[in-house]
């Protein structure tokens, strides 16, 4: 179990650092790179949680498609670097930071409270208890195409709408 | 600290960082990326709880989130590009009136 | 196969959606055929459903197929389900069967031009069929729903599609006004239905027929809610079936195209009220008030509508009042618990009233939109009108209750429920109603039967006999004649569903539904019961006699007056001056007060004839046209004071305008409302405006000035607001959790 | 998972990386020789016998060449991009088996990782390939580079769909995402027979994915100088160069595994074929590589709109229809 723990810690730290990087990098391209790093480390955590399909989906869809789109736009528009320390709206900045810290404390405190008050079994052991099929493409597909068929089909509608919206927006008037 | 606690704390922190990013950055593209961070934090929470309960429903939710994120990115980026075409600068603070 | 009921409902919806969505891609004819095919297939599916007893020995089983959850609230739920039981199936058969025939008829009817010579564009044509399919769908939903909520959905949609179809000629103000009127009246009924459903759900805990009606039938517990429910449902039934006091919309609804009148305002929609009473019979039959009120309303409406029909000049309005009158019969029967008789008359009436309307429609169509009977005449001799003549005659005979037409059986089975001579037997009177009360209702029904025969043959005489009209009918398309033929056959054989003493198919058919009410329901005959006291033969003779008498009197009277009219008017055109003078005083009156005369060569207005005769306002050319020697001036005819004639005219007007109910309603509801509105507009509004201007307006102004500061327009500020809300919510949850 | 597993994993990965690097170098010789033959000349033949040492000479040359970094270039991305390209090209190889399950050396099997989402892994990794190009183009600070990079990215994204769809039919046929299962399922007949259309779509898309002729317009000299490679020189250019060849090897290996029976023998020689499995694998990959070179030597470059048309309006619909047909057949048969 040691390997997984170590990998989890490394990936988690990487995820946090890269998330900070997304927010703090002055140039949007570097933010995008940091987001890529974040996605990959989160995908690694997914893998550790035995969600193999989600690992692949995260990489293919998020990293391979959505983020590439971001990168396209960023490189094409090539916005100027931005110094977040020099913000006209001081109140906004102060409020954001204080609220963010508060939210973090609240969430982490709540989680720790919840997880310590109730005895939680070890993550890996719960997964193995739940059966080795958890997270496989087969189990996931079973759930997706039986119980969640209608929501699944509805997402296709959502994508269609987004597609049309993008075409409309992209058309030069 | 068990695995699920670690992942959930990571999820909470990434979410907070994303939220702060939306509030602090003036570049809409980075704001968007911060929103993606928040969505990803949500995904991690879904998968953690899914793994805890051993049901695939968490993963199904993640798939929905992926779809929504894709749709949102397409439309949002389209809007940003349209904004850029019109103003030649992208700064959300400048988009503060309804008129074109 | 009870499952086929799903198709019955879905196909017309498909037709509607198909034409609505892909209509512009279809040709005119293609859309029409598509619509017909959908209804036709629905009919086949309904037939398949009706064959259920052949496949399953326990025949219908229970209410409700295709149960899908629709609304869930705790333990209470509304499902969407379709009922395949004898009642809904027979309604579905009538709706799809008659509906299909009328759709086919409409292909021909709607092609060239509508009434008033209003040209149909292709768009109108498709719109018509889309609406018709929508109506059929809504009606089928109404009759096949297995719970009150979906019944309400169908009910409302039927009202909507009726509104759309009455106002089909949307450029004609009168049609639009009629549509609005019908809609408002129907909405009153919808509210009643809604409230009734609330009462039912509140007291039975369920909206589904099986649960609600079964618990309505329990004698234990407080049953007073059934009175309320019955009265509220009755409002709905009365509005939909154009019964007193919500009857005034039906004659006006004749502004719609004739196939619409035939389908909606004769065969299907207006019968929904009867259907509701029969469907909810555990509520109506257990309500002591309803047992009295419903037959009274029915009898009164039957009588009222028959009197009004006597004076109508518009062919379609005659039929509209007749429909109302026949629905009154059904209410009479359903009110006292003779549900089988009511349903029998409903089915038979659907056949012959549709036939009458379509025959009238083909006459109107042939005459280029002319609806006034006074401009018709002698159509029997027109070869183009042969089919319409046969159809109308059969329909009129059926409506008059002449054996062996369908109306005879069905109407006699209703009249047979009411003991004319006050005799009380268990068979007659399972509800234990006062025999005298029943006998009064029976006599009203008998009188109505007489009047029915009279006005039908009055219409017949005006349209088909007498001097020939100046209008030259053109022949109808084959599909219209075909439909008339089919409906004629149905009107002849439709009565054999139930034969006295031989078989009683309807009785067996309705057993499973009516058994819900009580085990002995089956003992109530659908036909007039065979008894031992011999009086029923007398009643039968009286019933038929009323019809025959009506016919004989009408034929005699109108043969005579026609002749007199023709004789009297003749000299005005050809005779000497003295004869013309005499004619000017006495002639023409038998025909009508105003309108075109069919005896004049060019169809001049009658008022103009008077002027011709008087020699006023007439150019020499016109005088020559009507054959008057030019230059002569005749003195104007002076009307003499004639109380009898005046009374007759007043009576005619009274009846023509439906006893003035429109006026009464206008004075009671419309006028006060308008006046109140005006008063408020004049006095209150101005003051209130000032107050609002300086008070509320100022507050809003100041308030918005203050709150405008928060609207920075910066997206990030708003996002901060969202985060603030999230944190606040989280704190609340955290505090709650820790406290617990 | 134990630390020893991690160790064996790392060792295998290093071996494969080294092997791929060498093969990448030598496949450039392979190509130059072949193209020479196609064009009626000898190709490189000065360094070593038959020019066999030519790649080494090239490597030495590039290693010592000055690595020029333009003023406008944006470090560190400018330096990272070539490394990313090479890494991603190699990473996909991790799940490709070149020997059957029962074959091992000191207990180490002939594949790096045995994951049950093999195909998904390959798709995931190959979708990363865009980044190297996009970043290289952007960080060069040169508009030709940027345009070339955007062209290449658009091309890769477009053809990735067709690529994924064509691989899906193999999944439908095997009911498994695991590479070993896919190879095992081709015991009787290679999937190139039932899924011939998928194979064609895959090969076309693979050529486009690797930016090879006739789809090499991101590097079109006339229009874009050399696309995203314009500013690179010396060692960083060599990394891109190696990445291209390793990419070719990788996609050929995937095609071999998916459609051509993987390490299964072309002709069963009947004796101990287990040990010959890697050799058969190399032979099959070489054949596909030969196809790559052949295409390059034969076909002219497409216009960009033609390229997009082919991808979106021909290959993707074809792949979808093919997938539907195969799914229906599989559903009916089973």
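In this document, chain identifiers A, B, C and D correspond to the written order of the chains, with residue numbering beginning at 1 in each.
To be clear about the criterion, a contact is a pair of C-beta atoms (placed from the backbone, for glycine too) under 8 Å apart; a residue touches a chain by one contact, two chains touch by 3 or more.
As the structure is a prediction and not an experimental result, all values here were calculated from the model.
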| item | value |
| --- | --- |
| If a chain touches chain A and chain C alike, it appears here | B |
| Cα-centroid distance, chain A relative to chain B, in whole angstrom | 7 |
| Euclidean distance of C-alpha centroids - chain B vs chain D, Å | 33 |
| Chain centre separation in whole Å, for chain C relative to chain B (CA means) | 59 |
| CA centroid of chain A to CA centroid of chain D, Å | 29 |
| Residues of chain B touching at least two other chains | 19, 23-24, 26, 93 |
| In chain C, residues with contacts to at least two other chains | 714, 716, 720, 723 |
| Overlap residues in chain D, where contacts from two or more other chains coincide | none |
| Touch-based graph of the chains, sorted into line, ring, star, complete or other | other |
| Chains touching one another, given as label pairs in label order | A-B, A-C, A-D, B-C |
| Residues of chain B that touch chain A when the two form their complex | 2-10, 12-21, 23-27, 29-30, 32-34, 36-37, 40, 43-44, 47-48, 50-57, 59-60, 62-64, 66-75, 77-82, 84, 89-90, 93 |
| Interfacial residue positions of chain B with respect to chain C in the complex | 19, 22-24, 26, 31, 92-93, 95-97 |
| Chain A - residues contacting chain D, complex | 2-4, 29-30, 33, 36, 52-53, 55-57, 59-60, 63-65, 68, 71-72, 75-76, 136-137 |
| Residue numbers on chain D that touch chain A, as the complex places them | 1-3, 5-6, 74, 77, 115-117, 120-121, 123-125, 127-128, 130-131, 134-135, 137-138, 146, 149-150, 153, 157, 160, 164, 177 |
| Chain A partner contacts - residues on chain C that touch it in the complex | 714, 716-717, 720, 723-724, 726-727, 730-731, 734, 737 |
